[in-house]
Amino acid sequence: MRQSLAPRNLRRRKIEENFFRVLMAGSVLIVIACLGLIVGTIIWKGLPALSLSMITQTPKGGYYLGREGGILNAIVGSLYLASGATLLAVLFSLPIVLFINVYARKTSRLATWTRFSFDVLWGVPSIVYGAFGFILMVFMGLRASLLAGIITVALLELPIMSRAMDEVIRLVPPELLEASYSLGATKLETALKVVVRQSLPGILTAILIAFGRGIGDAASVLFTAGFTDRLPTSLFQPAATLPLAIFFQLGTPFPEVQARAYASAALLTAIILLVSLLARGLIKKYTKHLT
Amino acid sequence: MRLLKDALASKVMLVLTFFPGLVVFLIIIGLYLRGRPILAEKPLFSLLFSSSWAPGRGDFGFFPFIMGTLWVTAVALIVAVPISLLASIYLSEYAPRAVQEFIRPMIDLLAGLPSVIYGVWGVLLIVPLVARIAPFFGGTSSGYSILAGGLVLAIMIFPTIIYVSLEVISSIPYELREASLSLGATKWETVKHVVLKKGLQGIIAAIVLGLSRALGETMAVLMVVGNIPKVPQSVFDGGYPLPALIANNYGEMMSVPLYDSALMLAAGVLLVIVLVFNVLARIILVRVERRAG
Amino acid sequence: MEQKPHIRIQDLSVFFGRQRALKNITIDIPDKKITVIIGPSGCGKTTLLKCLNRLVEPLDGVKVSGKIFVDEEDIYDPKVEVTHIRKKMGLLSQKPQVLPMSIYDNVAYGPRLHGQKNKKKLGQIVEHYLQMAKLWEEVKDRLSEPASRLSVGQQQRLCLARGLAVEPEIILGDEPTSALDPQSSQNVEKRLIELKNDYTVIVVTHILRQAKRIADYIAFLYMGELIEHGPAEGVFANPKDPRTRAYLTGEIS
């Protein structure tokens, strides 16, 4: 039964191997190059237009025609909005994730369904959150305001935060829970003192990731947060946001204002970079802690 | 007292846990209720397949926008699927651990960039590029086009497809690869005949998730796609995807009768499509996971 | 009396990161015999086996030093074609790993890769090796079914047929019966004994009775070191090292 399987096709196989290896490595390079190109272009175009007055002043009269002023309104508005939304999302997210990991059995139907609905919510486009937020706002008798924006963005952040939290809290070993129960702790005490403490860096990372997503999202606040040149002083006033400020400035026909859009984009990118670096640092510290 | 607190907390948490499921239903119901007035005037079928868009005269034909969405998404998938899959195979099968650890945070970052940033970048780089290359394909283009939208969108869905397919591929046992390698197969042959075949369902799910992400993406596409309410004839034409339509007209929608209803219906249609794809992909992934475990 | 050894391992050490999995292993593996590597779990048996067909590659913090000669060819020489080395050896793993394709394609997979395109010839090859693995009668009417539908015992024999179909000289078994029921195990053991007429067989096991049943030559590994090796009767009847004795009497496991 000996076959004459000479290695004559070996050369062809080697060529195929190397061809695809190059193609694959090339694909990775493309992905990385895209990131570099995006961040690079934004910084390169935005940095020259960035000035102190841009981040310390609100828009003065005729700002969108190229006159004096800055985007402090949008910076402050975005920070308020994203912070408020993140806070609200934590208030829902943390109890839910703790519940499905501590109270419900890890494989119970309720836990499975909750995870599934988080997955589904994660897939809902932000423009749909925007539309829903708008309906909710009208239903509650609100006008476009900081509060309406916060509620909408909180909904958007909820699945992002919960999934990230669930991922770390799931890793808490069940033995640890049992050890806590055997010392007479209630489930609530176990959840707060053992589980939360054990996975705190991971929870903070989840919160940061959600914050980053919240501060960058435009489609959801378009309908709900409004836009104003003034700094918001109450929850019921409209608030400007950074992504929308970028969008509106870019939409003007004046090159000076467009340059400000680039500068604002650079600023937003810097904030996102900072937040993800922070999140990354926490993860690093956390894993180091584990080993 | 402690026990009372515990029992109370347990009840509160249980109620909260129903919240995410409730939100999904509330969104669907809310959009449906707001979309009902227009459905009372016109059947859904004629709304979806009519090309006439003139809100002032009461004409709300979604067809050009649906086609715009499909075109942009198709371009994005054609570009993103091969690149993402090849990249994830490289990362899981070939790359040394150091390279993997170097690249993962970068993909995280790509996923975390806001869509307006993608939009600004598209305007700065992709739009002029498309305008420049259009003549070589025998057309002219302002650059604000389906192609520009598709390219920007492709980059935005890289992370989704890469992450999910990485997860799927890495759940395939190493011993299975060893079985193929020990027969004298090269690495690529092992990938082609064994890894991809074993992971096929999960990879399809990854692509579907990327697809549903692309269908709903709004701002970035809106900024580069041209927003022309006509059925596009080529990738160099401008288009007007559904999400862009909703986002662009929020200002005037309260002043024209039925306009807001039409937009909310559009959002509802978009949501249903995206949800169907999403649920499908998730079900596949759950099944894959169960089989692996 | 002394045959030329088929495989010579010289001073082989393997590091996973800072951890040393194998320490200075030197052993000659005789041609056309069943060599059984025994030792407690975690002693490096599987690592040693996987070094033989270079499934342990010097990559990602894995360091391999020393030499392994197969037919007087140093397999860790960078000039050596790795697919060629692997084709020389069939591998049976702990859990049978059937490829995600039909029964027929599982066996035809190797020959096809190595250039066999003739349909008729492939059919003959599949039948021949399935018969050699004593699986043919059970599957001949359902060759196009997915291999995953076979029982675990059948799957392991399919893996054997698949390994044989690339015409190896050496069969490597990594605890090949550990996932099988007693009857299937016996079946696989029988096949291995038949095979030693034409192949060099190397089996890793932690089942001492299995080693006694099939071994011609024994190597005892303990904590990454090769403690003792020699013809089976000798080692079992008269172990020289106290650690070997302790293992054989069940004091360490």
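So that you can tell them apart, the chains are marked A, B and C in the order they are listed, and the count of residues begins at 1 in each.
Basically, a contact is a pair of C-beta atoms (placed from the backbone, for glycine too) under 8 Å apart; a residue touches a chain by one contact, two chains touch by 3 or more.
If you're wondering where the values come from, they're calculated on a predicted model, not measured in any experiment.
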Chain at maximum distance from chain B, centres defined as averaged CA atoms | C
If you tally contacting C-beta pairs, which pair wins, A-B or A-C?
-> A-B
So how far apart, in whole Å, are chain B and chain C when each is placed at the average of its C-alpha atoms?
-> 47
Would you mind pulling out the distance in Å between where the CA atoms of chain A average out and where those of chain B do?
-> 16
Chain A and chain C, separation of their C-alpha mean positions in angstrom | 50
Among the residues of chain C, which are close enough to touch at least two other chains?
-> 83-84, 113-114
Pull out every residue in chain B that's touching 2 or more other chains.
-> 186, 189
Please set out, as single numbers or ranges, the residues of chain A touching at least two other chains.
-> 13
Chain A-facing residues of chain B, complex | 2-3, 5-6, 9-10, 12-14, 16-17, 19-21, 23-24, 26-27, 30-31, 33-34, 82-84, 86-87, 89-91, 94-95, 103, 105-110, 112-121, 123-125, 155, 158, 162, 186-189, 191, 209, 212-213, 215-219, 223, 243, 246-247, 250, 263-264, 267, 270-271, 274-275, 277-279, 282, 286
Once bound in the complex, which stretches of chain C touch chain B?
-> 50, 53, 55, 59-61, 83-84, 86-87, 89-91, 93-95, 97-101, 109-110, 113-114, 159, 162-163, 166, 172
Report the residues of chain A in contact with chain C in the complex, numbered from low to high.
-> 1-3, 5-10, 13
Would you mind writing out the residues of chain C in touch with chain A in their complex?
-> 81, 83-84, 111, 113-116, 121, 124-125, 128-129, 167
Hey, which residues of chain A end up touching chain B in the complex?
-> 13-14, 16-17, 20-21, 23-28, 30-32, 34-35, 37-39, 41-42, 45, 92, 95-96, 98-100, 103-104, 110, 113-114, 116-121, 123-132, 134-136, 139, 155, 158-159, 162, 186-189, 209, 212-213, 215-219, 222-223, 243, 246-247, 250, 261-262, 265, 268-269, 272-273, 275-276, 280
